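In the two assemblies presented below, chain A is common to both, partnered first by chain B and then by chain C.
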Partner chain A sequence: MFSTLKKPQNIGIIAILLLAVVMAPSVTSYPHGASGVQDSGCACHGSQADGVTPVLDGLPNELTPSMTYTLNISFTGGPSGEDPNAAALGGFHLWVSEGSLSPIDGDDKVKINPDGSATHNGIDGEDVGTGNDQTSWQVEWTAPAEGGAKFTLHVNSVNGDGIASDLDDWNRLNAEVGPQPVEQASGLTVFASSILLMITIVGGCVVWVFYRENPDSFSWDYFVPWLSDWLTTTDHKKVGTLYFLSGFFFLGVGGLFALIFRIQLATPGNDFLTQDEYNQFFTMHGTTMIFLAAMPMIAGFANWIVPLQIGAHDLALPRMNALAFWLNPAAALLIFTGIFSGQGADVGWTGYAPYIVSHTAHSGATLWVAGQILLVASSTIAGINFMTTFCTMRAPGMGWMQMPLFSWSILVATLMLFISIPAFGIGLIQVLLDRTIGTVFYEVAAGGDPLLWSHLFWYFGHPEVYVVVLPAFGVISEVLSTSARRTVFGYKSMVFALAGIGVLGFIVYGHHMFTSGMSPVLRFVTMLTTMLVAVPTGIKIFNWLQTMHGGSLVYRTHTLWALGFLVTFTLGGISGMYFPAVAMDLHLHETYFVVAHFHYVFVGGIIFGLYSGIYYWYPKATGRMLNEKLGVMHFMVGFISYNLVFWPMHRLGIQGMPRRQHTYFITTDQYFALPAEAADWNMMITIAAFFFAASNLILVYNIVVSALRGQKAPNDPWGGWSMEWLTTSPPPTPSHDPHNLPVLQFEEEHDDGDPGLFGRWIQWMMIAEDGGEEE
Partner chain B sequence: MSYDSHHGDHHDHPSPFGPHDWSHGAPHNSWAPIMMAFGSSIFLLGFTKVFTQTWEGDAWSYAINSAQFGLLIAGLAIFTAGLYVFWRQDWSFDGIEFEPKSVGTPFRGIDIRKVAIWMFLMSEMMVFSSLFSTYLRYRTGIDNCEALHAAGTLTDGTVCWLPASYFIAEGGWHQETAHAALKFMPDTLIPGAINTFALIVSSYTIVLALKTAKDRSLSDSERNRKVGKYLLTTLLLATLFLIFKLVEWFVGFELGDHDHPLFYSPSLLADGFTIHASDYTYQVCNEWHDHHCAEGQLETYTIDIRMAASTFYVTTGTHGVHVFGGMVALVYMVIKAYRGGYTPDNAVSIEYFGLYWHFVDLVWVLVFPAFYLY
Partner chain C sequence: MEAGGEIFHDLFDLWNFWAVIVMIIVCVWLFHHSLRYRSSDGKTIENDSDHFTPGVFPKENDDLRMELAWTIVPFILIVYLTFVAWGPLDEVWSADENAHEIGVTASQWNWNFDCGDLDADICEVSNIDVEGQTRPLLRLKAGESYMFNMTSVDVTHAPFFLDWGIKEDTVPGLITRLHYTPSVDEIGSSLLMCTEYCGKDHGYMTAVVEVHA
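Right, the complex of A and B next:
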């Protein structure tokens, strides 16, 4: 299939076709059209001739805003001049980009088209002196309130036989008046071009990686087997790498969304994005970041590290694992389909009913829901796989309480995810059916209850935030204990804190619905339970601090990110404590304070934790060390710019800047007052956001360059003692020898021969295949 | 064998389509995951449009609409092909299958796949819990039409709950007029009752299949035949279940003379119990006279019962989809059984399917009273 690409001329043809496809839509947007004058609304006939000279008089040199000017349109030359008694002499079509055209009072020779352009009135075959019988016309133009305008004038010189024929001639004149705006691309075009660029770069990277694997015996013949090996792989390490590639790609896409709407929000009253585009962009930003960036990256870590860490040769269900991964890009396909048709989901990542089932929601919302259903399937399959792996494939000697904390965090996160996500899935199926076959689950007119959607969504949605943050906790526990060169302080309390968060996470979701009209009793209950979450989280924070206190800290890049995590996550946790208090929540609800809070925990907690994990495990995965200088630079730029982006949002939120709104105004209005400083803060946030985005490019550069020229990594570069460091770097396949699994040797020897009370109960329930009552 | 280098030995890899020897534990390549993932994606892409488009207009819009339908079919086809690859790889055709065992406590020695199926059932529990939450929310939150009528507050255009059991257990408007073959019960409940017994019996036959497969006293050919027979019975009972359900929804039963039928059970569709029933005609007769409503005693209301219908069809439909999924698996298992795939040492997949099948059965035992009787 790729053999056709070997011929250079074929590549050339494909490139030209691609270019044509890219160019075609933009060309039609010029007023004179891609295929000549017909597209611009001018029904000019005959051929374009230089002999016809259009004249547009009456345009001022200095434009006065909103003033009305009388424009004289005429032409000379062409076939019309010779017969004064001809049936028709000519016509015109005047298009203007700004301001409005109108006929002079009492003038029936000019009419205004529905699109605002002006043309002659009437087709005159009888020579009675109407618009078609002229070579000059007058029209009034009211200038816009600010800025200049562009004019495009077409005139048609007609030979007078009353028939539109090839004997007629026409010509075009372009004119400008006043200050011209800087050419602006629409946000959608910028986004689509960026995606196209990213796909091109990724495609290039794939080919380049293929080449780099074995430059000496490079041959295209091996490309298809190599690629199909990646597409069909079920090895947990390769699937983990695929998860990372997908996660990084969508982290970039979600970041682009954020940068584009940060441009929109940089100044008050901006219109870089339309309101419609803004709604789609913030919806897709949230969806992409949580479901297509954070979750795949966590799954990437889980895939790579868990089997290595618990001493398994692979995951329990390798093909199911590959299926769970491939559902992600398949779902992304659906989720993004709407965006490219200009009808992307505009429902917010929460997709609140009843808007999501209404006809005013974009049609892309249907596909957004369909895509989310596939992501639910993916998470469920991954959950089954990981839970089974934890239950059955821990190495001999590794009891539950000997499992490393990262594995524990993935275990708790997976359990939470896979108990909560079916509720979301069922809600999505209901919405999908509402939007397609016409069921009425959230149709208020038929008795549907929007609160039910909120319940189903947040029953999943709140555990979900712990699902993404717990793995980061696990990474930090590993990193800090290795960096402090001691075991983590209070291992058992760490495990119980994880489990405690796992339980509490299910009974706090009501705090997302304080303003929704939920029962006041439930509000009170969830207020208390939400505050309780601070207890296990606080235990973890203090255990980490105590780990460092009793240890001797080594400041590698992953340690820096872990320390950064401690700062930002604690700040995010403290700002989170404002929300369980119902009265405070009612005040801060739907403001930038909320945005500040959850970005402090999502970015400062999860992304920082994952970055720490990348620096920590990269040598294990690739066999190369990451460049430490670039790593420190990444941390310094990233940490500072990150805080510059999100810290001022607290202030903006308290000042009353609402989230999810297209723009804001600096006003002295009593109820919607935003002080003038808000504009400055927003501008600063936008600038810092670009720095933060740029800091991530340092990481990408570091990953690529170190993969090529990095120092060779030893098996255990940091002195870690969990089982992944037993293997070579990169680990072999299968990861541990299935016939000779590692055995955990512990100070307090765990008697794994005795399954314990719970274990005996399980074995009684499940009737072991060997022995038992089966003869 | 080397997986890391693409040069040289890639022809020695086991085919990503074909059967594998799983016993050495190395990862195996498979086209199944990517086919199943993108198949379902393409299916949903078609699905979202098929129901919302209008079948009107010129040839071009017909072509576009057909293309949407084509997407749906293509998606299903790709998914099915992926599933085929998945099973083809699993099935070694020599009766010896590799069954990985758990090494960690507390599940040591137990098949890994058995733990996985229990995990799967745990998430399935949540699926049906969510559906039942929806049901409970609306059942308790929306006034019952019959209760409103009894209280005298039912008016035209009221949004109220007319449960499926009104049509099924009580016979709806037909309860008085039908010439019931069985006097103690309206005919409309019969298909549901048969279905319930069909599912319960099929849970028994799947256990018989497992028991037979593990029976060492039988000769191989006899065992294959008997296991196949029991699995086929299970499959037929499941098919009966789905057919009866679809007949009950869309077709209806009628036996004997039309005016005096022996058995009369109109479909829910014919009775107007649909998700679009925003103007359902609800009739109440205060006094019956010889199978006809007495003069002036008939009350007619136009009411909105869409929510009851949505809940009913989606909950029982989700259960039906689970039955259908089981049928697809059973087709594979029947073929495998007749070709000697199940031996006393290798009958575990019947057991795992049985776990799922019992679960589906159990869900029906909850769905049936909640939607058909109450």
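Right, the complex of A and C next:
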């Protein structure tokens, strides 16, 4: 639609939208609205005049909670009383932020408005002697049970001609009583400063990178073209780099959140963070790590490696690819906006209804939801793009069953994401509408069902877990096979296991809801299906182990991470088998046992897998080798401290320490709670967490220093077979020559070069009859 | 006292037993293969039977019998564990018809127990101090069976009976149930916490449950 408009029309539309955004807050007349009663809540007539002096008497110096006070309201000055036969003398409007107002018994001169404010009774010019024929009034105010209150008083001095006209005057008085909340910096100031700071830091980094790329012929003239090339690029490698950098940045941000609330949990009864802050921090930690760190990093790997690996010159839809990426920074800004104003989302990454639509949830949750909707759009676009690429752009000779396993894992993952994420999008839009325009999807009083959100969320949320872990499986398959100099054991069963996990992932989500009030039949069914997940996962683990058989394992940093992954991921998989047993889950649900389990899968599985991938593909991407000594140091410190952080959490969970709680309770004489040792374990976890965070700095240092001074990398430094190793390091653009695409060769005779029944079926499903491919 | 009920600990011990066996198999396999089949100096390739070449799909490396073995054996283990986990469901989900009914109403951020017209010996609610805050104390009798009919007035909460190892969400507009018969081994007081995130004071939404003889 917009493409058909001319530029001035576009600017006009934007101007109208901006005006509407600016106007919108002052339209509301709620006392707590953005502009509030102080500005527009008084139906005063005439103009504001200094000559009119409002007086509010009867407020105490020391406020007694819940006590009732009699307030005297009066005014002097203005045109009031100048006419000896005045039809009316004046009026008032008193608004109070806390406590309640009521008229004195038998007093008909004052009335209480529906919003709780008080005003005079009667209409100008009528009934001499009623509420509007006064210059003073009395009203009772009952103080709140705790805290102080703010008063806003409007008085109107009326000339008595019986007409509400410009000849009258009014004025305003603000008063406060009792303890007031501490003055905070305006959210806008904090937000603006944060953005300025971020722009400065990011800008500095960008300029430094620009300088370092060509320090000898440095010239500002090339800066703008260089920058706009990065910002508008549709090349899969550059978009992949952008994805990866943003994901890596948010991995650091999410880690900082974790470190801060680990300090809070180091000792019982700590008050390092307020409860409000703690709730925001664990929410943002989860959201950041999954949606802004893990997903973009995986997308970065997929962007970089998939076209290279399947012998394509780029992704099928390069501009869609850039769009999918650029939705991410916008989403991140929205998600974090609440934090800058002190009202960040405090709903947990699961955002359970009805809390998320209740008035007790922070206002930042609205923008948190809006940001997630953008991420849903981004994932959907990326999903279309990758599936099209896999279906249409595999190199000549590469059937479905000859795709490298990393590509297979990305295919299954995007397919799962594409099928599951609409449910999440629907839920998010419902919540956004509930929070903004007052629909009642999750309003229980109006018949809304809180469990609907849980179903929509987990129908997406459980496949999402596999969406992020499957690419890590793919990386490990590539790395172990290359390092062991052996074809991955049981290639076909690996593919079927991936597909099996992809199917099972959709029918197990009920295990997140074993204690949610969901129907026992569904609980029972998902108990059976969840148990089954162990089978395909087991096949993969045993296949990886057997891959090393008869090989010649070359120990590199990526090999170490892959072996470490096998240990931690197996532990995470085994601890996952404790939950489907419903009777056991009743105890373990929402305790630290769950936290330990999913961190063993997310960190020990996904992050270790991605680290392995970084060390494996960094030479291909940059043309430089990473420093192996630093890499081994990163692995040693990281692997040990990681286990010290998350292993004790199993024990804490069994002892009954619940997650998402601001503190924890140790057994006293009065009652049994956590044993005293829980405090020691928590302190140890916090200390180890700092070591784990520090180990990642080694990786950052290694990446930066190796980019500047690393050894030049050959085309195939590790001796892998897949097609990315055919290209130079770093690969040219386009990645493979589109007019001379590589053709997959075969080491031995094979009889399945032509697509089988399944392959033909997918081909039929995905590609139109008339060929579909270009021209 | 120990967190978690008898059912939990029976299942937990059995699961631990199988977890240790699986973990030993994986670790022995991993260490044996990664050390036995390693390159002596990281450069020499002792066994390059598959000699990878970029752009060439390598030789197949599989053995259907082994793959079927580690599909079927874990499947049998899973079926066995599912069968074991199935058993206690009856005990967890079906209540005694003569159970004493106790109403539980959750609100931000308080528990409200309603004993109805039960004897004070069977069910009694009073107050207790938990870290400086006044919290409800629910006194129950060992050997009696109880049914908690639970709901919430605002958002979702979940009482976690620490000593018994059970919990269930309290959902606004819905009545959920928990059923338990505290045994004489469970005499004593234990903390009840909220385990469904419910806002600002979620971490302090506690109560104490006392079981007396």
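One rule holds in what follows: the second predicted complex is superposed on the first by the 539 of 775 C-alpha atoms of A that agree within 3 Å, B and C clash if a C-alpha of one lies under 4 Å from a C-alpha of the other, contacts with A are read in each partner's own complex, and residues count from 1 in each chain.
The working rule: contacts are C-beta pairs under 8 Å (C-beta built on N, C-alpha and C of every residue); 3 or more make two chains touch, one makes a residue touch a chain.
Fair warning: this is a prediction, and the values are worked out from it, not measured in the lab.
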Quick one: on chain A, after the overlay, do chain B and chain C clash, or do they fit? Just give me the call.
fit
So, A:Gly517: does it touch chain B (first), chain C (second), both, or neither?
second
After lining up the shared chain so the two structures overlap, which partner does A:Asp276 touch, if you call chain B first and chain C second: first, second, both or neither?
second
By the touch definition at the top of the document, which applies to A:Ile298: first (chain B), second (chain C), both, or neither?
neither
Please work out whether A:Ala693 is in contact with chain B alone, chain C alone, both, or neither, and reply first, second, both or neither.
neither
Classify the contacts of A:Thr233 with the two partner chains as first (chain B alone), second (chain C alone), both, or neither.
first
To be precise, I mean the smallest distance between any C-alpha of chain B and any C-alpha of chain C in the superposed model; what is it in Å?
12
Going through chain A, the residues touched by chain B and also by chain C turn out to be 398, 445, 448-449
Contact footprint of chain B on chain A as seen in their complex
213-214, 217, 222, 225-226, 228-229, 231-236, 238, 310, 313-314, 316-320, 322-323, 325-327, 329-331, 333-334, 337, 366-367, 370-371, 373-374, 377, 380, 383-385, 387-388, 390-396, 398-400, 418-423, 425-427, 429-430, 432-433, 435-441, 443, 445-449, 452, 455-456, 733-734, 738-739, 741, 752, 755-756, 758-760, 762-763, 766, 768-770, 774
Chain C partner, complex, touching residues on chain A are 269, 275-276, 278-279, 311, 346-348, 352-355, 358, 360-361, 398, 402, 444-445, 448-451, 482, 484-493, 515-517, 520, 524, 527-528, 531-532, 534-535, 538-539, 541-543, 545-556, 563, 566-567, 570-571, 574-575, 577-578, 580-584, 586-587, 589-591, 654-656, 658-663, 665, 670-673, 715-716, 719-723, 725-726, 742-748, 750
Provide the residue numbers of chain C that touch chain A in the complex, in ascending order.
1, 3-5, 7-8, 11-12, 15, 19, 22-23, 26-27, 29-30, 33-34, 37-39, 42-63, 66-67, 70-71, 74-75, 78, 81-82, 84-85, 88-89, 91-93, 108, 128-131, 154-156, 158, 160, 162-163, 165-169, 171-174, 176, 188-191, 193-204, 206, 208, 210
In the complex of these two chains, what residues of chain B are touching chain A?
3-7, 10, 13, 16, 25-34, 36-38, 40-41, 44-45, 47-48, 50-52, 86, 89, 100-116, 118-120, 122-124, 126-127, 129-131, 133-134, 137-138, 141-142, 159-161, 214, 275-276, 278, 304, 306-307, 310-311, 313-314, 318, 348
